[in-house]
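Structures for review follow.
Two complexes, one shared chain (chain A), two partners (chain B, chain C).
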Partner chain A sequence: MDLHAPKPRGRGVSIRDLSVQFRTPSGSVVHAASNVELDVAPGECVVVLGESGSGKSVTARATMGLLEPNAHIASGSITLDGTELLPPGRAIEAARGRRISMVFQDSLSALNPVHTVGAQIAEMFQVHGKLSTRRARQETIQLMRKVAIPDPDRRFRAYPHQLSGGMRQRIVIAMALALHPQVLIADEPTTALDVTVQAGILDLLLGLVREEGMGLLFITHDVGVAAEIADRVVVMYAGSVVEAGTVEQVLVRPRHPYTRGLLQTAPSVSHARRDQPIAGSLPDPADLPTGCAFQERCPVAVPECHQVRPALLPVGGGQQVACHVEGADDD
Partner chain B sequence: MTDLMQTRPDTLRPGEDALTGRGLTRHFPVRDGLGRTVGTVKAVQDVDLQLRSGECLALVGESGCGKSTLASLITLLDRPTAGSMRLEEQDVSSLRGRQLREFRRNVQIVLQDPYAALNPRLTIGQSLREPLEIHGGLVRRGEREAKVVELLELVGLDASHRHRYPHEFSGGQRQRVCIARALAVSPRILVCDEPVSALDVSVQAQILDLLQHLQRELGLAYLFISHDLAVVRGIADRVAVMYLGRIVEEGPTAEVFTHPRHPYTQALLSSVPVTDPRERSTRERIRLSGDVPSPTDPPSGCAFRSRCWLATDECATTVPSLEHVSADHRAACVRLDAARTSA
Partner chain C sequence: MIQYALRRLLQMVPVLLGATILIFALVFALPGDPIQAMAGGQRTIPEPVAAALRERYNLNDPLWLQYLKYMGGLLQGDFGQDFSGRAVSDIIASSWPTTVRLAITAWLIEIVVGIPLGIWAGLRQGRLPDALVAIVTTLVFAVPIFVLGYTAQIVLGVNLGWFPVAGTSQGWPTSYLLPATILGLLGLATTARLTRTSLIENLQADYVRTAVAKGIPRRRIIRHHVLRNSLVPVVTYLGIDLGFLLGGAVIIEGIFNLPGLGYEIFQAIQQQNGPVVVGISTLLVAIFIIVNLVVDLLYGLLDPRTRHV
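This part shows the complex of A and B:
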C-alpha cells in the first residue's frame, strides 16, 4: 500500500463534444477541432499525441479560454472541477492561473525580457496571493528550489536571456505552479530542449502528478515522450480524436491505422528497423474530405470511410477507436 | 537515374576516405561593446573526422556542442582557426575561385528549414536550374529542362511541379525540392544539417526513406547532423558524438547505441524516451546534473568532467584522446574501464 498516495485535488477537466472552427480571411471555415472528448483526472498524466494541424493545441487553448478572436466554439462543454468553462468568460478568468494553468513550448517569449525571473514569479504571489514583497520572495525561492533550479538565491536576480532554455522552461513551470493548480496543461514544453534537459523536465512534471495529485495534460508529437510519461494517451488527427486508452492499449496494442502507422515509423534508439512510412500528407484543414479524415492515407480504407465520419466508440477495456474497419469487431 | 550515374565522374570505391578533417579547430572572438576581444568561444577543438565514400556518418550532440560549426568547416563555408581538410587526396583547406566551385559541386548541403532555403520568388523549376547554370559545364543548355524533370522524379515529385512556387508545397515536399537541388550537380557528398527536424513525424519517415534510397542508388556519402538520436539510429552507418567542441566517441551506429563507452554517450542515450511504455520501468536512466558549461570557459582536461559521475583528479589535468575500444569504435575517456561497468 502506498502510504504517500496523494489526496486527489478536485475532479479534473472534462471536455465533451468540443468543436472549434476558424474563419479565414478568404471566407472558408477551418475545422480545427471536431467533437473532441477528453478527460484529465487528478493525479493522472494524459498525453495528447498528434502532428501539426491535429487540433491538440486548439483543444488546450479552448480549455484555457485563450483562443484567437477569429475562433468560434461551435459546440461542446469543458468543465473544471465540475464548473462549466464555456462560453469563455468569468469562469475561466477566475480559474486561470489558480486552478488550471498552462506552459508553452517557447519559454523565451513567455517571459518578460526586462524583468528578473524572480520578480516575475514573485508577482504571482503578490497579485493573486496578496503576499508582502518579502514573503513573495521567500515563496519564490522555495518554488525555484522545487523545480530544481540550482542556486535559486542568485538566479532570482537573473534576466531570462541569462538562463539556458531548460532553466527558462523551469522558471515558466514555476510560474504555472505558483498558485498550486489542480490541472497543468503543457503544450510541447520540451520540444525545443535537448534530450538530457527534457528528461529532467519530464521527471519534474511527473513528480508533481505522482506526489501532489496534480492532473497533467501533456501535448506532444513525440511518441517516445508519450510512452515515457503517459497514464493515458489520446491520439488526434486532423482535428479529431482517433484513438484513446491507457498507454499500453494505445502504444502497445493500437487499433487505429493512423496510430499503427505512427508507431511503426516512429524512430527509436533501441532498433534501426523502420517500416514503410505512412504515405501522403496531412489533409488541408480547410478542405477536409467527407467521411474519415485519414481515408487517403489509410491502407485498410473501405467505401464507407469515404462517406461516413467514424465516431469514437469503445472497443473494450476502456479503449476507444474511431474507425469503421478496425473499431468494429471484437471487444 | 541512369543519366545521373553517367554525369557522375570517377566514383570512389566504397570505404575509401572521401572527406578528411585533421585537427579542425574553430575559435570565435568574443568582443565587448567597444570591439575589444574579451574572450574566445572554442566552438570546435582539435577534431579529426573521416567521412568514407558511400557511408552515412552522423554527427550527434546537443545544442552548442559545435556540430553545425564543424559542418560549416567541412563544407568550406567557414575556415578553421587551425587544422586542414582534404577531399580524397587533395588538400582543400585554402581553395579559392574555380577550384572552390569544383569542391562545392562535389559537396552539397541540405539544411533544416525547407521554408527558408528556397527563394519564394522563383518557381521550383527555376530553383533547380540555378545550380546547373552556376556549374554550366555539367548539362548543356538545351538539356537542362529535361534534367529538372528528371531531378523532380528522382525525389518523388511530379514534372508539373516545376511551374509552381514554394508556398504551394508542404514542408516535406519542399525538403524534397531542396534535396533535388543539392543533387542537381551530381555531388558525391551530401551534408545534411538536421534535414528532418522541422517536419512532422509521418513526413520525417518519408524523407528518411528517400535519403536512404538515394544513397543506395547514387552511392552518395552523407554527413548527417542531428540532435535526434532515434533518427540517427535509423539512418547512420557510423556515429560521432560531440560534447563541447570535441568528438568524445565514434563508432558503428549499432555498437555505439547498444554499447556506449563514454559516460556522456551513456547519459545521452539513457535520456532518450523509449517508444515502448513497457520498457520504462526496466531500463536504467542516468540523469546529468547542471548545464553544459560555457564554450568560452570549458573545464580543464576533459570538458565533461564537471558533470561526470566517474571523474577523478586525472580528468582535470589530461585532455583524453580517442582510444580504440574495438576495431572501429573509439572513445575519449581516461576512465573507460569504470565506464564499461557502470553502463
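This part shows the complex of A and C:
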C-alpha cells in the first residue's frame, strides 16, 4: 500500500430518488430526504449546500449506511461504482473504509479518546490491510506526512485531546484516506475550525480530488466554502434538491428563489455585506405543506406552488431546478 | 505523577486528623463507664481498681488531652491497648487477614461476574437478557443483606451442605466463598448496571460511528473501542468499593462467624472498648484513602485525558 497507488477509478456515487423518513416517538413521520438525486464522479468535488435540517447530512449518512435505527429508507437507489448499496447490508459494509469513507464535523468526538491518534489511523492498515504493527506504523507516519501533519513521529503517540482542532481533523482525514477510497464524504469538516485552518483543510481535500482522482462529496451550509472548492453544487431545502448545476451556474446565475435568497445572506460571494436573511423559517419536516416546501417563504410563489410539488427538471446547460416559476422559462 | 501522588498523600493528613477527632469524640462521648462495662452487667469492679485503671488509660484527663496522648502514641506506631490489656495492633494483626481474604474474594466475584453480566445486558439492550439483569439486580438491591446472608447460610450451607456453614476452619477459598458472594452481591449488581449503562452510552458515541465508517468489524469495535471507554466509570466504582470491602463487613462477618475487622469493631463497640474502635476506624480511613489514591492513579491508564503528567 504505497502512497503512489493508481488513481482511484470507478464510476463514483449515484443517488437516485432517495427518500428517508424518521419515525418520531410520538408516531409522526419526518420526511428527512425526499426523492434526492445526486452524483459524484471520480475527480470531482460536489458540494451539497443547505441549512441544518435540509437533509444533506441524512443523505450522506444514508450513503454510508450510518442512519439511525429509527430511520427508514422509503425509496431509492444508491450505487457506488455500479454496486447497489441499498438496503444497507453486506455491500456497504464491504465498501466502508475501503472504497468510500467519511469525515465528520466534530473531530474531537469522532476520535476515540483512549487510543493514540496514530493507533487509530494504523488500525486501518491492520484491520483492512492485515499489516503488522510495525508496517502499519510506517504507513501511518507516511500518511500523516501526506496530510501535512508536522512531526508525525511524535504526533503518532498523541491522544486526540492533545492536538488542535485542525490537526485532529487532519488525523480524521488521514484515517479516511488510508485505503485510497474512490469517494470521500465530508460532512461539514471545517465548520468547527477557524478560517485559516479551514483553508488548509480545503486545500488538502481539493488536492486529493485533483491529483488522485478521488470523488468528494462535501456538505456545508457555507456558500463561501462551496464557491471555493465546488465543481458542482447541489442545493437542498427541507429534504429536497431544489437546484443543481456547476458552481458557476448555481452560485453565479442561480434560478431557484431559495438559492438566490441564500446567496444574498452570504457576504463572501456578493462582495458586499448584505445580511438579508430569508424571511420565515424552515417548514416542520413532520408536517410539510402540499406543493413546494419553500412556498411560504418564496417571494415569487404562484397558486400552483401550493398544490403541486415541483420536480427537479433541466433548464439547460446541465443545470436543474425544482421550481414552477423559475424552471418554466427555459433559455 | 509522583508529585500528584505526594500531594494526594499530604491531603490525607487533614482528613485523618478530622476522622480521628470525630471517632474519638463519638466513642468517648458514649454514655456509661467503660471500666465497669468490662466487668459485665452483674458484678462491679472495686473502686480502687477502677480508679487505677482510669489513671492508666488517661480517662481522668479532659478529652482533648486524651486525644493528644493517643495521637502521640499513634504517630509512633502505637495503637495503644484495650481495657483488658491487649495491644490494639495485635487485635488488628489477627483479624486483618480474614477481612482481606473476604474482601478480595468478594471483589473478584464482583469483577468476574458483574462486568460480563453488564456487557451481556448492554449489548442486548431492551431484549430478554437486559430485562433479566434488570430484574435480578433490582432484587439484590431490594432485599436486605442479612436476609440474603441467613437464607444462603440455611439453604446452601445447612440444608444442601454445598458450603461450610460458618467459620474459617476450611481456609481460603472454601470457607470464604459463600460469605464473599453474599458480601459482593450488592457491588456485583451495581457493577453490572454501571457497565451496562456505560456500554450503551458509549455505543452511541461519535467515535463508534467513526469506527463503523472506517469499516472496522463490530466485534473489534466493541472489544477495542467501546469496552475500554465503558470501563472508566466502572473502575472508579470498583476502587471505592474495594475500600469499603476492606473496611470489614460487620453483618456478613457476624452471620458467618468470621473473625475479621468488622467482627472485632462490632464487639468493641458493644463492650465500649474505645481504643479498639478508634484504632481500627483510623486504620480503615487510611486504607480507604490509599485505595482511592491508587485507583485514581490507575484511572489514567484507562483514560489518558485524566493522566497527571
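Following the convention adopted for this analysis, the second predicted complex is superposed on the first by the 315 of 331 C-alpha atoms of A that agree within 3 Å, B and C clash if a C-alpha of one lies under 4 Å from a C-alpha of the other, contacts with A are read in each partner's own complex, and residues count from 1 in each chain.
Note that in this section a residue touches a chain if its C-beta (ideal position, glycine included) is under 8 Å from a C-beta of that chain, and two chains touch if they have at least 3 such contacts.
For clarity, every value in this text was computed on a predicted model and none was experimentally measured.
Participant: Answer with clash or fit: chain B and chain C placed together on chain A by superposition.
Facilitator: fit
Participant: On the A-aligned overlay, A:A32 touches which partner chain: chain B = first, chain C = second, or both, or neither?
Facilitator: After superposing on A, A:A32 lies clear of both chain B and chain C.
Participant: Does chain C touch more residues of chain A than chain B does, or is it the other way round?
Facilitator: Of chain B and chain C, more residues of chain A lie in contact with B.
Participant: One more residue to check, A:M167. First (chain B), second (chain C), both or neither?
Facilitator: The answer is first: A:M167 touches chain B but not chain C.
Participant: Check whether A:I149 is in contact with chain B, with chain C, with both or with neither, and answer first, second, both or neither.
Facilitator: A:I149 contacts neither chain B nor chain C.
Participant: Of the partners chain B and chain C, which touch A:C323 in the superposed model: first, second, both, neither?
Facilitator: In the superposition, A:C323 contacts neither chain B nor chain C.
Participant: With the two structures laid over each other on chain A, which partner does A:D106 touch: chain B (first), chain C (second), both, or neither?
Facilitator: The answer is second: A:D106 touches chain C but not chain B.
Participant: Using the touch definition from the top, say if A:V252 reaches chain B (first), chain C (second), both or neither.
Facilitator: First partner only, chain B.
Participant: Give one of first, second, both or neither to describe whether A:L85 is in contact with chain B, with chain C, with both, or with none.
Facilitator: neither
Participant: With chain A's C-alpha centre as vertex, what's the angle to chain B and chain C, nearest 10 degrees?
Facilitator: 70
Participant: Considering only touches as defined above, state whether A:P277 meets chain B (first), chain C (second), both or neither.
Facilitator: Touch status of A:P277: first partner only.
Participant: After the superposition, pull out the minimum Cα separation from chain B to chain C in whole angstrom, please.
Facilitator: 5
Participant: Looking at the complex, which residues from chain A come into contact with chain C?
Facilitator: Going by the criterion above, the answer is residues 64, 66, 93-98, 101-102, 104, 106, 109-115, 123-124, 127-128, 159, 161, 172, 175-176.
Participant: Touching residues of chain C toward chain A in the complex: what are they?
Facilitator: 205-207, 209-217, 220, 224-225, 228-229, 232, 302-305
Participant: Where on chain B is chain A touching in the complex?
Facilitator: Checking each residue of chain B against chain A gives 62-63, 170, 172-173, 200-206, 208-209, 227-231, 233-234, 253-254, 257, 267-269, 271-280, 285, 287-288, 290-292.
Participant: Of all residues in chain A, which touch chain B in the complex?
Facilitator: 51-52, 150, 164-167, 194-200, 202-203, 221-225, 227-228, 230, 247-248, 251-252, 261-263, 265-274, 277-279, 281-282
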